[in-house]
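Chain lettering (A, B, C and D) follows the sequence in which the chains are written, and residue indices restart at 1 in each chain.
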Amino acid sequence: MTIPLADLNTMQEADFVAALGGVFEHASWVAREAAGARPFASVAALHAAMRGAVETASDTTRLALLAGHPELAGRAARDGTMAPDSVAEQAAAGLDRMSDAEVARFAALNAAYQDKFGLPFILCVRRHGRASLLSAFAARLESDAATERRTAEAEVFRIAAIRLNALVSGDGPLRTTGRISTHVLDTVSGRPAEGVAVSLHEVVSETETALVARAVTNADGRTDAPLVAGRPVPIAVYELRFALGDHHRRQGLALAEPPFLDVVPLRFGVSDPEGHYHVPLVATPWSYQTYRGS
Amino acid sequence: MTIPLADLNTMQEADFVAALGGVFEHASWVAREAAGARPFASVAALHAAMRGAVETASDTTRLALLAGHPELAGRAARDGTMAPDSVAEQAAAGLDRMSDAEVARFAALNAAYQDKFGLPFILCVRRHGRASLLSAFAARLESDAATERRTAEAEVFRIAAIRLNALVSGDGPLRTTGRISTHVLDTVSGRPAEGVAVSLHEVVSETETALVARAVTNADGRTDAPLVAGRPVPIAVYELRFALGDHHRRQGLALAEPPFLDVVPLRFGVSDPEGHYHVPLVATPWSYQTYRGS
Amino acid sequence: MTIPLADLNTMQEADFVAALGGVFEHASWVAREAAGARPFASVAALHAAMRGAVETASDTTRLALLAGHPELAGRAARDGTMAPDSVAEQAAAGLDRMSDAEVARFAALNAAYQDKFGLPFILCVRRHGRASLLSAFAARLESDAATERRTAEAEVFRIAAIRLNALVSGDGPLRTTGRISTHVLDTVSGRPAEGVAVSLHEVVSETETALVARAVTNADGRTDAPLVAGRPVPIAVYELRFALGDHHRRQGLALAEPPFLDVVPLRFGVSDPEGHYHVPLVATPWSYQTYRGS
Amino acid sequence: MTIPLADLNTMQEADFVAALGGVFEHASWVAREAAGARPFASVAALHAAMRGAVETASDTTRLALLAGHPELAGRAARDGTMAPDSVAEQAAAGLDRMSDAEVARFAALNAAYQDKFGLPFILCVRRHGRASLLSAFAARLESDAATERRTAEAEVFRIAAIRLNALVSGDGPLRTTGRISTHVLDTVSGRPAEGVAVSLHEVVSETETALVARAVTNADGRTDAPLVAGRPVPIAVYELRFALGDHHRRQGLALAEPPFLDVVPLRFGVSDPEGHYHVPLVATPWSYQTYRGS
């Protein structure tokens, strides 16, 4: 599905632009500029060349690049005039299935932002959970125009990096993915806890959580794959839940009803979407501990 | 407010009966029987004498004692014909402010129980949270008549013990109270964590929790008083929540947003209402542990 | 055995001086001076008055006070001309039963110190373990005369505080004692670990430890008394050793030979002789943790 | 250095016997028997064939196989008549550099064993530390002849397995190696602790330890290679020592002198020489924990 970097380095310019023209929204000129700098030794070098093309463009062109982005959950999304990558990105963040109240909230924020800065609000939505997205939006509304121009462009480069990684295979990919993983150790038996049901939830608000992933631990007490991987981990508060009581019952331990520990929640925040969050559980029927591991 | 055991030992029988006639619901004859066995060396001995009076009564009398109890959240409660102690006990369990669905649920259970056993369902409600109360009710409906008679009487003796402890002061009180306490240690500084906001919640269902107590830790990292004390700890699942992120910010630590650990929940079950549940938190910004302490 | 502060406040001056004349070594004039400031509201106020008497004395007098102290493990000790309190204090630190090499080491240090500062080396030996005592001695030899005068006097006041607390009873005693305590929790059973043999050792060198105390945990998992209390905890590295394997065998657990955990050592340093070092062990057959508790 | 299994499967029988004749001590007939069963799909299958050759031999032959083994630290070792593999194995266990007292102890045990069973004492020494070797020797002296025959043969098969793995490369090697590894996590910073000096010691007696390995943790808080790997982990008590105080000082933390935690010892027993003992340290300046990990 992906195009080898080696192919991109040797194909006709028109094909190169056709392949990468969508990396920057409605701005295939960025790809055209970068084409002249081929060959690239790595995907990161290709990204740097595209970024350089933007940073050396005229102010008018750079403004137009920003202006060409769709609003978050805005009119373009509802009208079906949004670029396909943006459609997918906003859908992944759940922006295509919001309540009426949320739609109204976004509409008000978008309007306020457009009023103040004369530009659409641009954010790399794949790096944010719902609560983080709203708080980032509110915070950036408080910013000044110059800072906000820089911030918006930085987000554009982040969006481009994720799109490039999805399109191109080759050495030196950009670091655009993080991970959430876990490990369950049973210190009554001194062995990994196998067969423990684990679920990961995003804590959306004080009363609402949303399921992100489910898994069962294997013989090494880990899940076969990380609970989140291959993408940025959205900035958010998460809760891991472990069916520890069920595990101890399977071990033949007699537990009281309710047991002292049954479903154990571990609540933690992710602030670095490209980080690795290893959150183990070391437990007995009467104790547990966790820490950010590695 | 309480009557010294020594006074009970020497007062007129009529006064003794007036004082303790309500310990067994609508059955002042139990107090009268026990009066003859005075003096009592301890409150526990007094309770044992009252229990003995019941256990040596005729079968008819014992059945009448059970039949005299009000249903849980039943007609007597609604009609205002329930004994004052029962009113207070059912209110403490929240049975006076249920949703219509809950009222209907209890009505159906009460009817089924009365149908099957010909008696009201009797439970020492102070020892149960909402979920436990319903599951105990459902479980006992599955029992047989002989077992259920014994269980109901055992509950009557538990109710009597709590009432006696509330009425009488003296040596050898009955063990009718439990405790939930906590302790917060900051292992970055090696000191108790002072000023940490702690709240205790009963986990009523997957989506509902009810606040039980709030406190702030003192210089020793403990709350000035246990979060629950002086009464049975209702059988339930609880969640302690600690404002750990705020504590670390007050210590001058720079935390990410959101911090790895902010509000830390410790979820645990209480199955022994007369037990001491000491649930400490030993924490840094990147790790924590808990265990059932002492 | 101790004299009530109230009695000291009202007795004849001569008796007061007789009682407290030895608090400052060979310097009963300090007590005589302080007598005039009676009555004292607390033992701490009495100490402050004696300290004030020293601090307002002439330089010559203050120097004589320092000069009147015996060397550590020095000639006065061997000749039997040392004041009784000093004899006991040096014995408690083990300075009366040193190897020939140690005696020689102290002799050399004492000579070097006397050479450099013209005074005996003064240290509140009850606050130091063997290794700390030698390292403090070496460090102070590097100091300058003015600093060393202040340091020596501060040690004299510490010695006096301990002696006063031993002599006088009353409100507001000086804080001259620390504590080492422990607590063993078994998180397989969720209960305090009873009957665990615990020993406390001072780590004298890489290859030598000296037994300080032995105890067995009670039903609450604690020792009936702290392992060290009622005196300063000598500055030193300590090791607590817990017979954890024996405990688990008594619980009926089948352990391998050798077990993963058998005798568990917890090694920790004490730098604050008046501090409380609570060092618990939270353990299973396959895990343990400790922390400075409170 | 090793011979590919494929080559062994196809070479002349004489070469096969030359290659594997030493796998069973002074018993090249075992290899000759096994040669007829070629080809082998795995090293394990080859071992099973050799074992089968022994188990189907006559009682006399089997006894002679046992009788052909050298004593542990016995006359053959001193006379230089021991097979080369045995020389290396006994040297690895330190049996070539014992004190006179230990030599005498072994001589007495060897004599007693020979007296009782008419055979040399056979043990796979690579699986035992010094203390374990002596306790196993003493325990087996208490056994009866039939059990001891079986035990001795099982040890012969273990010795053969280790020798085969050292000689032959190919699929399905026998499981003859274990591991000791560690991992240091700093929960003040939430990161692996890099640059921590770690040493592993065998606890030979209450007062004697012997260095096994030294390493320094890398950026992931692990040592680049396990502390023990590629061989059985001798049955023994071990102590890991971590220079934790130095680590915290490098992090810029101000520690008291002595620090609460400086060199942290983790003492643990190994009873399964082919097991993986992962023993991590999760620590702050005021707390630590360990557990058997995976």
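In this section, a contact is a pair of C-beta atoms (placed from the backbone, for glycine too) under 8 Å apart; a residue touches a chain by one contact, two chains touch by 3 or more.
All of these numbers come straight from a predicted model, not from anything done at the bench.
Chemist: Counting C-beta pairs in contact, which chain pair has more, A-B or B-C?
Modeler: A-B is joined by more C-beta pairs in contact.
Chemist: Taking each chain's centre as the mean of its C-alpha atoms, which one ends up farthest from the centre of subunit D?
Modeler: Measuring from the centre of subunit D, the most distant chain centre belongs to B.
Chemist: In whole angstrom, how far does the Cα centroid of subunit B sit from the Cα centroid of subunit D?
Modeler: Once rounded, the distance between the two centres reads 58 Å.
Chemist: Taking the mean of the CA coordinates per chain, how far is subunit B from subunit C in Å?
Modeler: Chain centres of subunit B and subunit C, defined by C-alpha means, are spaced 48 Å apart.
Chemist: For subunit A, which residues are shared contacts with two or more other chains?
Modeler: Only 187, 190, 260, 282, 286-287, 289, 291-292 qualify.
Chemist: Can you list the subunit D residues touching subunit A in their complex?
Modeler: 183, 185, 187, 190-192, 220-221, 282, 289, 291-294
Chemist: Taking the complex as given, what residues does subunit A use to touch subunit B?
Modeler: 132, 207, 235-237, 256-265, 267-272, 286-292
Chemist: If you look only at subunit B, which of its residues touch subunit D in the complex?
Modeler: Residues 187-190, 260, 282, 284-287, 289.
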